[in-house]
Amino acid sequence: DFLNALSEVRPAYGVSEEELESRVQGGIINFGKHIEEIITEGKLFVQQVKNSERTRLVSVLLSGPIASGKTALAATIALGSEFPFVKLVSAESMVGMNENARVAHVNRVFEDSYKSPLSVIVVDEIERIIDWVPIGPRFSNTLLQTLMVLFKKQPPKGHRLLILATTSERTMLSRMDMTQSFDAEIAVPNVSNVTELDRIIQSIDSFADSNVRADTLQRLQNFTGTDAVNVGVAKILMIAETAKQDVDVVSCFVEAMARAIPME
Amino acid sequence: DFLNALSEVRPAYGVSEEELESRVQGGIINFGKHIEEIITEGKLFVQQVKNSERTRLVSVLLSGPIASGKTALAATIALGSEFPFVKLVSAESMVGMNENARVAHVNRVFEDSYKSPLSVIVVDEIERIIDWVPIGPRFSNTLLQTLMVLFKKQPPKGHRLLILATTSERTMLSRMDMTQSFDAEIAVPNVSNVTELDRIIQSIDSFADSNVRADTLQRLQNFTGTDAVNVGVAKILMIAETAKQDVDVVSCFVEAMARAIPME
Amino acid sequence: DFLNALSEVRPAYGVSEEELESRVQGGIINFGKHIEEIITEGKLFVQQVKNSERTRLVSVLLSGPIASGKTALAATIALGSEFPFVKLVSAESMVGMNENARVAHVNRVFEDSYKSPLSVIVVDEIERIIDWVPIGPRFSNTLLQTLMVLFKKQPPKGHRLLILATTSERTMLSRMDMTQSFDAEIAVPNVSNVTELDRIIQSIDSFADSNVRADTLQRLQNFTGTDAVNVGVAKILMIAETAKQDVDVVSCFVEAMARAIPME
Amino acid sequence: DFLNALSEVRPAYGVSEEELESRVQGGIINFGKHIEEIITEGKLFVQQVKNSERTRLVSVLLSGPIASGKTALAATIALGSEFPFVKLVSAESMVGMNENARVAHVNRVFEDSYKSPLSVIVVDEIERIIDWVPIGPRFSNTLLQTLMVLFKKQPPKGHRLLILATTSERTMLSRMDMTQSFDAEIAVPNVSNVTELDRIIQSIDSFADSNVRADTLQRLQNFTGTDAVNVGVAKILMIAETAKQDVDVVSCFVEAMARAIPME
Amino acid sequence: DFLNALSEVRPAYGVSEEELESRVQGGIINFGKHIEEIITEGKLFVQQVKNSERTRLVSVLLSGPIASGKTALAATIALGSEFPFVKLVSAESMVGMNENARVAHVNRVFEDSYKSPLSVIVVDEIERIIDWVPIGPRFSNTLLQTLMVLFKKQPPKGHRLLILATTSERTMLSRMDMTQSFDAEIAVPNVSNVTELDRIIQSIDSFADSNVRADTLQRLQNFTGTDAVNVGVAKILMIAETAKQDVDVVSCFVEAMARAIPME
Amino acid sequence: DFLNALSEVRPAYGVSEEELESRVQGGIINFGKHIEEIITEGKLFVQQVKNSERTRLVSVLLSGPIASGKTALAATIALGSEFPFVKLVSAESMVGMNENARVAHVNRVFEDSYKSPLSVIVVDEIERIIDWVPIGPRFSNTLLQTLMVLFKKQPPKGHRLLILATTSERTMLSRMDMTQSFDAEIAVPNVSNVTELDRIIQSIDSFADSNVRADTLQRLQNFTGTDAVNVGVAKILMIAETAKQDVDVVSCFVEAMARAIPME
């Protein structure tokens, strides 16, 4: 029966690790002090789940703006736990399923985790899993309620579970009373200024030369009239890739960045 | 037929007792005078159901803020009744079920109770059972109506039933006219000040030393500028467990508590 | 065919009489002049259905606050008619049924009544039968429309029917144009003052002694500062039963009554 | 094929005539000049359908307050037409049916009428057929649309149809653009004053004596302070029947009438 | 295969021509200059579909008040095209069908048209096809979207299609962004004044005599105090037919017209 | 397996290329500098998808007013990519399908694309695919969520995908948070003035003569009092085709254009 349970759990694990790894393909660039702090705090919860007798379930919400790196950070913490069961729940793996099938899928992942002594589940982009749209607003209350219950449901004795959820709609979750379902929260901010931006484009070959970088950032600041950036790391990496196709890489990058930087 | 009924009821009972016991795993800490008063009032209703000819059904609502200990107290009263049928109805045991299955499940528990001479049913977190979400607001009217009817439905002659329901959404229940379905209500408050907080962390080994405790509470008061706490006992116990993983337990505890204490 | 019809009707009748009797288990206490008036008016409609050629169908609405005794009085009038078909339609007998099944059930009771020469149907708590909840508001329009049609549908020639319906939501029924479906209305008020309250607690052994009663009512008036009561008879009887379990019956009763009496 | 069609139509016809007759059981009392005018106007439409080449379909709406006699008047016109197909469509004949079955039923009646050379269909209480309730408001749009289409759908060549519909919710129908579906409208008013009331109670044996009547009306006017009545004829007949059961018929009638007469 | 397609298309065509002809039974009375203009503009679109290489699909909306003659004019243009496939899509032919069946029916007509080299489809009363009701408002979004897509969907190469749609709810269609689905629009106005009215009643035998007509129009103007009419031609023809049944045709006509003419 | 996959993909590809070609039947007229810029920017994204290691998925939104040429431009970029898998997703290919079938269809196209090393998918008129209507507003949240997820879902390793979506409802998409699902956006404007209009009608034989054109544009400007046009290229081409059927081509064109040009 134990072997049986094990064999049930294994393949699922293998698949998900790969999936989670694909979410950090861009790597984790240490562009600000808070990046390390987030990972350290994540490790604290990993330890608590491993060690505490009283709290065998801990659920944590990572929230922040679009493209700020929430999924990559959650995946990094999850993979770093080295727990035997690590699994990703995302809207992408449920595309085309109806509401019932999606409830069953989510529920199944949690049921599977209860068979492992130590598990991490990454629930990515809650707003997409619950079909959130601000017009109405509309959402699947069935999936919302399922998540709210699962986020607080104790695993059976002898089993421990860490839940890492991500969202770019924290305000909405709070209006739904869902933030109360979490034991703790971690904020993931945007790239805030050109100093942080500098550290990010270092990693891109077209900007390897520090003079090119200095020139690029100067032109950008002239353009926007500020050293503020306030754009997500993922968005910046995408803009850099498009710019690489252009004959004039720097101009293309500067213009697209300037469009992406929000006006005061 | 009697034996038959008994055998139907037994297994259900066994399972639920265990489930209910798991809800008081953190124990009941006597951190304020009101804790005993709540349990005494609970016993009064247990006696009434046992003895009164006229009122063989009594339904009681325990309401209070998130994490204030409602479920643990309801479970304590239920287990203390020593009635032969003690059962928990919670959203957790119905996760993944559709509305019809959930109505059937709830109804089944009540039907089962009608076969026992003396029963207690704990209906935990009504807001979750009825899929309540404040946006809209939305909820399952089918489950709401089922509960409203079952809370007032007399068991057959010779059978007696105590219903203990919990909620952190009393205002919402009142707007739904559901509070009228109860014969009595019990309020479960938050931990109100540092004196009560002191009694709670006594039970935690890291804070066994009274000097450490005094220092911790002093630092917390300096931080918040008040001796008010207004946080649920369950939240406090969770924060203490996370803090235990940190190298600097006290600082971690004080900072997290300060974040949890609501501003005036 | 007549015998056939009879045998169909019989068992239904038997069951319901018992059910209706259980609704007057607390008896009818003559605590005010209006109690007799209500029963007299009820008898007038019983007579009209029996005798009038033109009006073989009469539908009456009993409305009043929660716990004021509506169901007990409707049951008393129905049982007093001594009609061969007496039946209760209530949400309790339909708990767990879906909307279609409930429409069929209600319809069935009326169809059955059409086979009896003389029938009374008690439709108890219309708001529960139609799944009313003030948030939204929501309700089953299907059940509402079914009732509205059945309340006005003439039984076939040679058949006569009295409908007694109860509600604590008269305002809502009126907003739904449902009060128009009734031929007449009867108001069932709360216990209005301590004089009426005195007559009610006389029936309870703990308060048999008139000195105890006088003392109790005096303490209550001191507490509330008024001789007004405005609480339903059923609520008062429930409070008295709980108080009986306490060591200090009178204090317990006075405190609970004071909580129940609405502030000006 | 013609015989076939005939046999299909016959039984339906027979049933409905009886049904329609039951709607005028109280007779048509000539309590005001407008009663005859309504019937005369009805006959005009009967003639038009019979004779006009251009307008083989005529649809007429009878509207007025609750209990004002709409159904009885529509039934009288329909039965007076002596058309070979006369049929009643009412919510009562569809109670317990779901929306689809009701659409099919209504449609069936119209399809049947298209087989007869000359038909009248009485569509009674449109608001009930479409499940209208002012809260929301809610209604069956499917039935509404079905009626709107059928009210304007030409019968096949050589076939003629008169539609008489009734409603007490003309304002609502107009807000739904449904009044536009009718070729003509007839208003059915309440009993307006004591002179008309006098003519109505003449028909009731308890009030056969003109002195009793004079006394009754005088007492009523003293009570209300006006000679206005503004109550439906059906309501008045119901009140008179209840009063007949009382020992003091006149007092009972006067009091109930006074309650029914709307205040200015 | 070609023969096959042909045989599929034929019977449908035959039926519809008859149906369309029945919509112009009242004839087209040339009561104003705009009548000819509308028909001329219609012919322009017929030519464009026949000849243009670039625009093998043209969709036109005829809009105007209730009873203004929209359907009769659309049918006249369609029948005048002499295209081999001429078909009417109307709510009447779909009465009793559910939403799915109606989508399938509409879709089927368009699919059939794609098999003919040259087709006209009249889509009559869009508001009824989409179940429009202003309360809510409510409508079938499924049918609306189906129409919006079909109105812009190009027929396959070598096939050409003219779509003539009618509505009396142009404002609503515009709020739904549906007017954008049309390539062109034609307005169909009411009969505007007594001069136009004169030309209409000429065609009715009771008003053949020009003195009678002059007298009738004079009495009408005295009644309304204006020479404005602003009533649909179909309504006028209906009123004339009813009047013909009355002993005093002119009075009956004048009174009914006066009721129909909107007040300023 | 590779051959297998190939054979699965092939036929789909063939069909869609034809479909996409039919969307540029009117050709791409170079009526303004921005036309070339749009196509150049499109090519940049084609290159990025082909070359970038980090961004194997790029999604681009083309938005602009009705008839401005969005679909033709997206089709042009897609066909110019010469990727082995080019596919159109449009409401037209899903007409008559229910929501589930449409989700399955859309999902299928994306699944198919994941089998090709290099793919372009044109998602045409998002507002129609999601059944958008501004009254309510209403839309299919299921299709919206499906698109939002698919627009961000990475193809498997070794596979690359460019998504080109079009909409004339950018504001609505932004209120739905859907614009965030795109990596980049391209604006497609209306024909702005008579200079651009001149270049468009050059391509039409009736206006081949430059004097005729000059005269036409002069008359138009006299009519509207401005050289502004602000009408979509597709609308202009349609008006020109209708005008060609008229005896007086220029007048007909000028009048229809004047009606189409929005007032200030």
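Which chain is which? They are A, B, C, D, E and F, in the order written, and residues in each are numbered from 1.
Definition applied: a residue touches a chain if its C-beta (ideal position, glycine included) is under 8 Å from a C-beta of that chain, and two chains touch if they have at least 3 such contacts.
In this text the structure is predicted, and so the values were computed from the model without any measurement.
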item: Topological distance between chain A and chain E, in contact steps; value: 2
item: Common touching chains of chain D and chain A; value: none
item: Same or different contact residues where chain F meets its copy chain A, judged by the half mark; value: different
item: Taking each chain's C-alpha mean as its centre, the one farthest from chain F; value: C
item: Length of the line joining the C-alpha centres of chain D and chain F, rounded to whole Å; value: 58
item: CA centroid of chain B to CA centroid of chain C, Å; value: 33
item: Residues of chain A engaged with two or more neighbouring chains; value: none
item: Topology of the chain contact graph, where touching chains are joined (line, ring, star, complete, other); value: ring
item: Cyclic ordering of chains (reference chain E, direction chain F); value: E, F, A, B, C, D
item: In the complex, chain E residues that touch chain F; value: 44-45, 47-48, 51-52, 54-55, 58, 100, 103-104, 107, 137, 139, 141-142, 144-146, 148-150, 152-154, 172, 175-177, 180, 183-184
item: Of chain F, residues touching chain E in the complex; value: 22, 25-26, 66, 91-92, 95-96, 98, 128, 131, 133-135, 138, 237-238, 241-242, 244-246
